[in-house]
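Input: one structure, supplied below.
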Amino acid sequence: MSCKCSQQCDIDVMSDPLVLSADPSHPANLIPELCTVFYNNGWVTGTGGGISIRNAEGDKVYIAPSGVQKERMVPENMFVMDYASEEYLRVPQITKKPSACTPLFMSAFKMRGAGACIHTHSQSAVMCTLLFGDEFRISNIEQIKALPKITEAGNLGFFDELVIPIIENTAHEEDLADSLQEAIRNYPGATAVLVRRHGIYVWGETVWKAKVYNEAIDYLLELAVKMRQAGIPTTCGVGEEKKYLKY
Amino acid sequence: MSCKCSQQCDIDVMSDPLVLSADPSHPANLIPELCTVFYNNGWVTGTGGGISIRNAEGDKVYIAPSGVQKERMVPENMFVMDYASEEYLRVPQITKKPSACTPLFMSAFKMRGAGACIHTHSQSAVMCTLLFGDEFRISNIEQIKALPKITEAGNLGFFDELVIPIIENTAHEEDLADSLQEAIRNYPGATAVLVRRHGIYVWGETVWKAKVYNEAIDYLLELAVKMRQAGIPTTCGVGEEKKYLKY
Amino acid sequence: MSCKCSQQCDIDVMSDPLVLSADPSHPANLIPELCTVFYNNGWVTGTGGGISIRNAEGDKVYIAPSGVQKERMVPENMFVMDYASEEYLRVPQITKKPSACTPLFMSAFKMRGAGACIHTHSQSAVMCTLLFGDEFRISNIEQIKALPKITEAGNLGFFDELVIPIIENTAHEEDLADSLQEAIRNYPGATAVLVRRHGIYVWGETVWKAKVYNEAIDYLLELAVKMRQAGIPTTCGVGEEKKYLKY
Amino acid sequence: MSCKCSQQCDIDVMSDPLVLSADPSHPANLIPELCTVFYNNGWVTGTGGGISIRNAEGDKVYIAPSGVQKERMVPENMFVMDYASEEYLRVPQITKKPSACTPLFMSAFKMRGAGACIHTHSQSAVMCTLLFGDEFRISNIEQIKALPKITEAGNLGFFDELVIPIIENTAHEEDLADSLQEAIRNYPGATAVLVRRHGIYVWGETVWKAKVYNEAIDYLLELAVKMRQAGIPTTCGVGEEKKYLKY
């Protein structure tokens, strides 16, 4: 069977049960589908960003290759890793080089039991790392309620403050692992880490939760840029919701 | 029959005449279709927002579940309520918890005879609640003519002022009902209510009117943000259309 | 045959050779197709805007109804007018009220021999009518070369100034006809007229030229808003292209 | 066979093996497909921009016609040129006039061995030519790593500075060839050239590389406009990543 992808890997691909499934919710099918959504959001243009999903059984990790067009992937392009041994069960034809994001995805899986981790180069994420210091903070916005408390059951409330740590970027993506892990340890309530001048990592219990968290956080990052531009602080005390009105 | 949705409700769904219809204008078909449009507008990302439609006979209310991905719903995900008794005729498998928006949707139905009510987290709506005090006001913009007078037949004119009340947000969405109802009473000409740092509720006689009003209002909210950013007031007297030109 | 449209006109529609054609370039097919494109551009949301196309023979005028959702029209929704007598050959079931834009479309047809005229509520158009006085002017931008000279053969050059007259809006759209016609007379080189706080009318020899002109003009209007926001004049003399650089 | 295109060339088109291929990666199929993507990006609206691709053998050059709607092209609309002799093997019915971009595309092919060259009127590109002097410079942004070093193997690093020369526009596009070639000579590490008040030319070893480079560069141009707007320099020294934070 000839590869269907448009990424110049014209090598024959054998039928591979690890990535070929008729089930649309199989990780190897979901990754290409969701990456097209993320591409249309402007989150993964120019081959930027990535995603990793664990299978339902949790024993395998599916990873999008880096350096390829995210909106033009096919299931055959996926890396598959054994969760326990961290050994590759499958390396795609399109690129032999595992994604530099892999240790970061694994940090979310191992430290938080995440089922999926999404990495984007969202411009709102990058702009917030230029507008905020070591933490992104926002409160008193309804959309915050889409995000989990993590340290206890349930979601954040309207008056709660969402705090996302911002770590410094490194020359090589894999070198981010230490500071990402440190941030995960220091912010037990965080479900995301921003990377200065780079983008964001968002994870969740399942792929759908990770996607919803990413959408809700990106909405808040975009709104925060607009609030700062209008001279409105992104946090305020209870009862101060009208304090900074611009009228 | 296995559920077609991608929201992790893998429970068997029996054929259900309340939500299964070949008619594309059936509320259970329209809600998923319109929510995809709203998602692409950025109005309901991250599970935010919602919509409720009454059937043509007016005796049933269809309500999108909250906390689910709005662009990935199927008819089987809908709640159905008896309009008169306000008792649930159907609770979907995807979530047992009725939408917290339900009392707000019902307020528009009961107090105004609305046929549909749309709730979005539109960023233009949220920004306007940060830029305006207790009312959003705009005049002398053609798009205003898409909106109804309500208190009498016909639509607003170009020189009329569109006024949308802004109410304060509450910790729990259902607690908004009192102030929403008060705003509906105090603004008999309004077809929408803004909620500070949260979003907007827009209703109409039919689902299509509600959609058109929502689009026209969101256009005006977006324009108002741009006008404020450029230092141009959003209202002006007749004959003052050129007063604030920036040339 | 039951009407396919989603605009609540559930009345039976008889097969009508004036609007039913298998040819995708028939005006009754093109108008719905292009209005969907314009809707996705944000030009005709909330039922705003419109379009009129003359048939290839030039003896008939097809007009989109006003007050209906522009992205959900079907050929059966079209008005058809006899070009010479200006009498309606066909009134659609969806609305009996001819579009208030009709006299404006006819002005472009009769005074300029246009084959199509597009009306949008583009936010960039409205913003430019708030930022410019009685004329929109831009020069030394490559995209200007997509626009025709009109008064002589060929297109504008890079160093030419594009001038679009801005007329004042009126309470009723049909009352714009006089000032639109005056603008057409006074600006023989214009292929468009801006209407303050309202939108824009753009016409061309054919529907495709009108569409291309509208896209090119809207690109320039959007760019002009950004230039003004950055403090850069939209016109400059030859050799002054670097005079206003912000570095 | 009648032409399928919607660009008013209703002349019969004979089956032509130069442009008719069942292979989706054939240049005559890829050009229309990619131009639709670029149109949706806002890069080639109003007939602006263009693209040229060499075939896999490298002996033929496929060129999109200028002055036509880029999102509505079909393979029959393509020019085909012999790479060695620069003579046209095929002139389409839609326009006899070769694209004025041809000498610019050929410069990238001949001087750099490029396999494809993309030209857009991206507003972010135009804005950057109004905000920067003779060079666009950006550093310390992750997305830079999608771009090649050219002068040696591998891609730029996070701390490297991306430099894109900006040349002055000319009245006629073909007159840009001299200064474009000079810029290519003077900037051996560049894979793109910005043209003041006009747009950008981006090339790559293959069409996919050219597309990825264009996306990555446009992301950086868009980000640069936002950074300037927020008062943040687009370059900084190593260790200065937090120097210009706006908090």
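Per-chain residue numbering starts at 1, and chain names A, B, C and D are given in the order in which the chains are listed.
The criterion applied here is as follows: a contact is a pair of C-beta atoms (placed from the backbone, for glycine too) under 8 Å apart; a residue touches a chain by one contact, two chains touch by 3 or more.
None of the values given here were measured: they were computed from a predicted structure.
> Write the angle of the rotation needed to overlay subunit A on subunit B, where the fit uses Cα atoms and the result is rounded to the nearest 5°.
A turn of 90 degrees brings the C-alpha atoms of subunit A onto subunit B.
> What's the call on subunit B versus subunit C, same or different interface residues, using the half cut on shared numbers?
Different residues, largely: of all residue numbers at this interface, under half are found in both copies.
> Quick check: how many Å separate the C-alpha centres of subunit A and subunit D?
Each chain's C-alpha centroid was found; their separation is 30 Å.
> From the mean C-alpha coordinate of subunit B to that of subunit D, what's the distance rounded to whole Å?
42
> Residues of subunit D touching 2+ other chains?
229
> What pattern do the touching chains form: line, ring, star, complete or other?
Ring.
> So in the complex, the part of subunit B that touches subunit C is made up of which residues?
It comes out as residues 24-25, 140-143, 146, 157-159, 206, 208, 211-213, 215-219, 222-223, 226-227, 229-230, 232, 241-242, 244-247.
> Which part of subunit A faces subunit D closely enough to touch in the complex?
For subunit A paired with subunit D, touching residues are 6-8, 42, 45-48, 69, 121, 123, 126-127, 130-133, 168-171, 195-199, 225, 228-229.
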